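Every chain is named by a letter (A, B, C and D) in the order it is written, and numbering of its residues begins at 1.
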Amino acid sequence: MRQKKLYGIFTPNMVPLDDRGRINERELRRIVDWLVNCGINGLYPNGSTGEFTRFSFEERKEIVRIVTEQVHGRAFVLAGAAEANVKLTLEAAAYYHSLGADAVAIVAPFYYKISQEGVYAYFAEIARESPIDLTLYNIPQFANDIANDTILRLAGEFPRIVGIKDSSRDLPRFLNMMHDVASVRPDFIYLSGCEEMLLPALLMGADGGTIATSGVIPEVFVKLYHLALAGQLEEARAIQYKVLDLIKLIVFGADFPEAVRQAVGLRGFQMGAGRQPLSPTQKFNLEEVARTIQCTLSEFGCVDEPAGGCAPSPVSRQSVERIVQEVIRGLRDGRS
Amino acid sequence: MRQKKLYGIFTPNMVPLDDRGRINERELRRIVDWLVNCGINGLYPNGSTGEFTRFSFEERKEIVRIVTEQVHGRAFVLAGAAEANVKLTLEAAAYYHSLGADAVAIVAPFYYKISQEGVYAYFAEIARESPIDLTLYNIPQFANDIANDTILRLAGEFPRIVGIKDSSRDLPRFLNMMHDVASVRPDFIYLSGCEEMLLPALLMGADGGTIATSGVIPEVFVKLYHLALAGQLEEARAIQYKVLDLIKLIVFGADFPEAVRQAVGLRGFQMGAGRQPLSPTQKFNLEEVARTIQCTLSEFGCVDEPAGGCAPSPVSRQSVERIVQEVIRGLRDGRS
Amino acid sequence: MRQKKLYGIFTPNMVPLDDRGRINERELRRIVDWLVNCGINGLYPNGSTGEFTRFSFEERKEIVRIVTEQVHGRAFVLAGAAEANVKLTLEAAAYYHSLGADAVAIVAPFYYKISQEGVYAYFAEIARESPIDLTLYNIPQFANDIANDTILRLAGEFPRIVGIKDSSRDLPRFLNMMHDVASVRPDFIYLSGCEEMLLPALLMGADGGTIATSGVIPEVFVKLYHLALAGQLEEARAIQYKVLDLIKLIVFGADFPEAVRQAVGLRGFQMGAGRQPLSPTQKFNLEEVARTIQCTLSEFGCVDEPAGGCAPSPVSRQSVERIVQEVIRGLRDGRS
Amino acid sequence: MRQKKLYGIFTPNMVPLDDRGRINERELRRIVDWLVNCGINGLYPNGSTGEFTRFSFEERKEIVRIVTEQVHGRAFVLAGAAEANVKLTLEAAAYYHSLGADAVAIVAPFYYKISQEGVYAYFAEIARESPIDLTLYNIPQFANDIANDTILRLAGEFPRIVGIKDSSRDLPRFLNMMHDVASVRPDFIYLSGCEEMLLPALLMGADGGTIATSGVIPEVFVKLYHLALAGQLEEARAIQYKVLDLIKLIVFGADFPEAVRQAVGLRGFQMGAGRQPLSPTQKFNLEEVARTIQCTLSEFGCVDEPAGGCAPSPVSRQSVERIVQEVIRGLRDGRS
């Protein structure tokens, strides 16, 4: 059944930084080893979780070099290769090919809003020249959308385009896409980037997923994937529901991917501070989120509870708001 | 396993009109009989497919009366009861209760954008006074969104609110909602209004769906539902994929729900003209869509092919565009 | 210069309700008189500020009857006439014509999303049959958008359509529209529904505005209008900036139009409670907003300061948040 | 009156490329000279029109070097300095300072969606370290929004932040912003990036604009600016309306900024092909747009009519659509 080129759980790994903000190579290699040992099927350096836009061209190349070396054939490497323009993208793709990456992933152009004709033209030009297989990377929250019609057109015309990593979070659309592309490209690879619905995507025929949270609990997602393959729906469903709370914290608990950084750190890695500055308020909130993540991870048996324990907070957010309103009312009445 | 109050496939039926634009009662009763005989679990009059906003208060009451009478206990009746204000909504709810409807469905306020506090207050006031069970109806495309936190709050406080019909088309959100509400209300009913992903929703624990396309091919959706319940994933998946093309035509082929009207008409009912005026261009396009729907329905064995047959069109849309561009170029060059 | 049929400041009046939630006719007549005496050019009953969707068909007719009678030719009456379908809309239009209204305003269909062809077809059918002049009412926040191309098409084909009330809040678009329509319909009337930019719209050629805040400070907007006409840019600009704070409170300070209701009440009218239920939190916030509105109105010399005075709040929202964070931190640390 | 540091019309210049896709320095210098000679108040290299994201870090530095050298003090230079992270942004800012630029413009972070706390933290860190004055650059279509509250906070805390270039196209918001910031920073500079409403913005107190179309018809925008300053409203308004058609073509006629490139080329500069690939359909459409731009420019007396003349097209788009429908209908009927 598994005859496609890429499949399974891909981790879009984060990049640990040292105290001067530089890539921490030693720690990155430790992360790669850990993920591979946990059974992850592939690494996906320079993804959105990997903050590719916050590194320089040279750094992005360095990251893929380290990851590919360290993986050393024990898992797939799908390397993010989007650069400022087609020429630089092709240069990166050629380099990743020379390093032994299995394929590159290219996000649609971002910043400018461009038409689907432009999206098509962009991928067509890259596909024509690329020395290495490529997957489309659709993440309409951050970059130009790749419409289903455009995917169908590109899949039909360019064998170099071997699959798609879809982070649109839109299952109806994902199903329509798989349905339409199947007729022109039976070998096309579908990876879901929406971790909350990994199981439904797999059940409907997806080949795997690129899962930010798999960088935090790789063992759990590897198990979910194998249960789904084995048709053990009941157990798989229990895991899918169990990870929802963690996903909510990790993906939406802070400006993405700050909470992922905290969570990976909790698994025993020195992640360093991110390159996106944080305000004092953000730092305070992140501390809270990290604490809650630690509690959730402790339920998975992955880490210990935090020092203060995980008893439910004595004050809910709502009760705080009520207190605040009363305080304000009191202050106001005191004014008269 | 089936201990919930409502479950299965609900058809949000359309309302046939006579040549003077009035409700065609005889035809409406024929539609109800047909759907019930096809095994549909419930009828959902005054839904979005039923164009509730285009009828008067009196007409909406008439529609529920006819449907409830004709169903005569052979299927659930979930009656749309949203009116211009809470007082009228409660009046409608009381009337539907007296007719023997199983529950009412209430869409969130529309037109004005209101806060979640306002959405909460609206449903809370209705739930406090309603003589009949009610389901929330979430369709953020058309009305104010009902956020998951608000659903959780309402489900926890009001036993009268027995479930939700979710048409948000957002599976991650739907899963989070089922996960969160389960802890406070194990009896809560989840109906998906997104027909492209009915199967994944059922596999993840939904109780059923309200499916516009089930008004056109009820037999197919009833079968899909039973296959899902029986755990026959392979067959169920094949049907879910098979209906995607029809859904695309019926839900998105024209201004909703004009193409549904065409499709129901193809099953042998006199639907009449809708109340929303159509331009000549719209009428022409609708004819085309109806023809394609007929071809798709003939693949299901439901109807005959149209007179002209269903061979692929000799001109694709793209080739037409190319011809047009050449024509324009010719005309332009001729100008000089 | 003023040869157009409608011009100046139109007040989309709210409808006061009695303690049983019914239209308070006596108070409504008092409001109309007050507005006319303040120099308002026109009344606009059944607008969005007037909460037309929350009344029944019969009530909407009653509202226009009362307003038209009470205005008694002393100002324009532009009556909102959108109903559930074209037939009812035409019935309303005919009735408002018989009452002596100057024109009716028709909002684009709402709830369902429809194509521009559908928007065109809707207004075309009404324009063909209407016994009274009509203005398009564009408010894409709440209803289907009326695209500039559609406005141009309708203005070119139907003399019955005499103008537009544009609440899109989009000046570039408004200017393009005036520019394009001018060539086919020199008599077309442009009313801006965006009060923050009434002056710029007038300076660029608009004929007037429908201004929710003019229901609160009619004297100020009448003055702004006359200064703009007289070319007294400096003074007009000072007023436009001065009203911004009040607009922010009134239009965005609560779920629209709850804060308008509070503000009109502060001018001495018994407005009653609205028909949209409010949660305890909403009621508390509305009290705060009303207090701030009163302080702002006192700066205009329109009302007295509230009992407690208008000194700046001793605690800012930010400082409250800081306090809350410290409280939470304290509670959390205390847990261990 | 003109005591602010920056004011007037700024041209966000495009970068001409040679036939190998490299920066065409000679032509770029010619463009700068032409703009300065036309009376433009400032150059804005590395803006959105200048396609800054499609160049490398080294190229962006090169572009500012060339522009600053060539301007040689004859106009302001406001240099776009946003880079992949704060460290690189500060490096660019220091370099532009050393070249003699007047200030740098920093767009909010893009790709990732970040909270307003994050936007604040980002600009705060840059403002603390920057050796040169900076302006915020708000363009929510492409990058994270900078909310008015955040602008107010930053303006109040950091004297290094001297102004804002606002391309939000939202006048109500722009007016609120000027109103709020005025109280804490009377020296703050407001440049509008929305060319359709440059005049209204100036009349309401803006200091100038960054205008893509001023790279095509600098003489016209310089005149509009001086008329507005001189209070000649009638003449200024005529120009503002006259440029609307050109703006529509140049800004929205193709994927931005492809039509700007065509238009600048029509003024006599070798622009070369852009770095964003274009499909055959896009190239065909662009040819059409360029032709229409040329016709419009000929009305301004800036260029000659195109070879084929500028008579109105013998076929409108609508009539083409009708023809196409008839062709399809004929083909379809022929199938039977």
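Here is the rule we go by: contacts are C-beta pairs under 8 Å (C-beta built on N, C-alpha and C of every residue); 3 or more make two chains touch, one makes a residue touch a chain.
Note that the structure is a prediction, hence the values are computed from the model and not measured.
Trainee: List every chain that touches both subunit A and subunit C.
Mentor: B, D
Trainee: Most remote chain relative to subunit B, going by C-alpha centroids?
Mentor: D
Trainee: Does A-B or A-D have the larger number of C-beta pairs in contact?
Mentor: A-D
Trainee: What is the distance, in whole Å, between the centres of subunit A and subunit B, each centre taken as the mean of its C-alpha atoms?
Mentor: 34
Trainee: Calculate how many whole Å lie between the centre of subunit A and the centre of subunit D, each centre taken as the average of the chain's C-alpha atoms.
Mentor: 34
Trainee: Using the touch definition from the top, which residues of subunit C touch two or more other chains?
Mentor: 281
Trainee: Under the touch definition given earlier, write down the residues of subunit B that touch subunit A in their complex.
Mentor: Going through subunit B, the ones touching subunit A are 169-172, 175-176, 179, 194, 196-197, 199-200, 203-205, 231, 233, 237, 240-241, 244-245, 248.
Trainee: In their shared complex, at which residues does subunit C touch subunit B?
Mentor: Listed in rising order, the residues are 21, 48, 53-57, 84-88, 109-115, 117-118, 120-122, 124-125, 141-143, 255-256, 275-279, 281-282.
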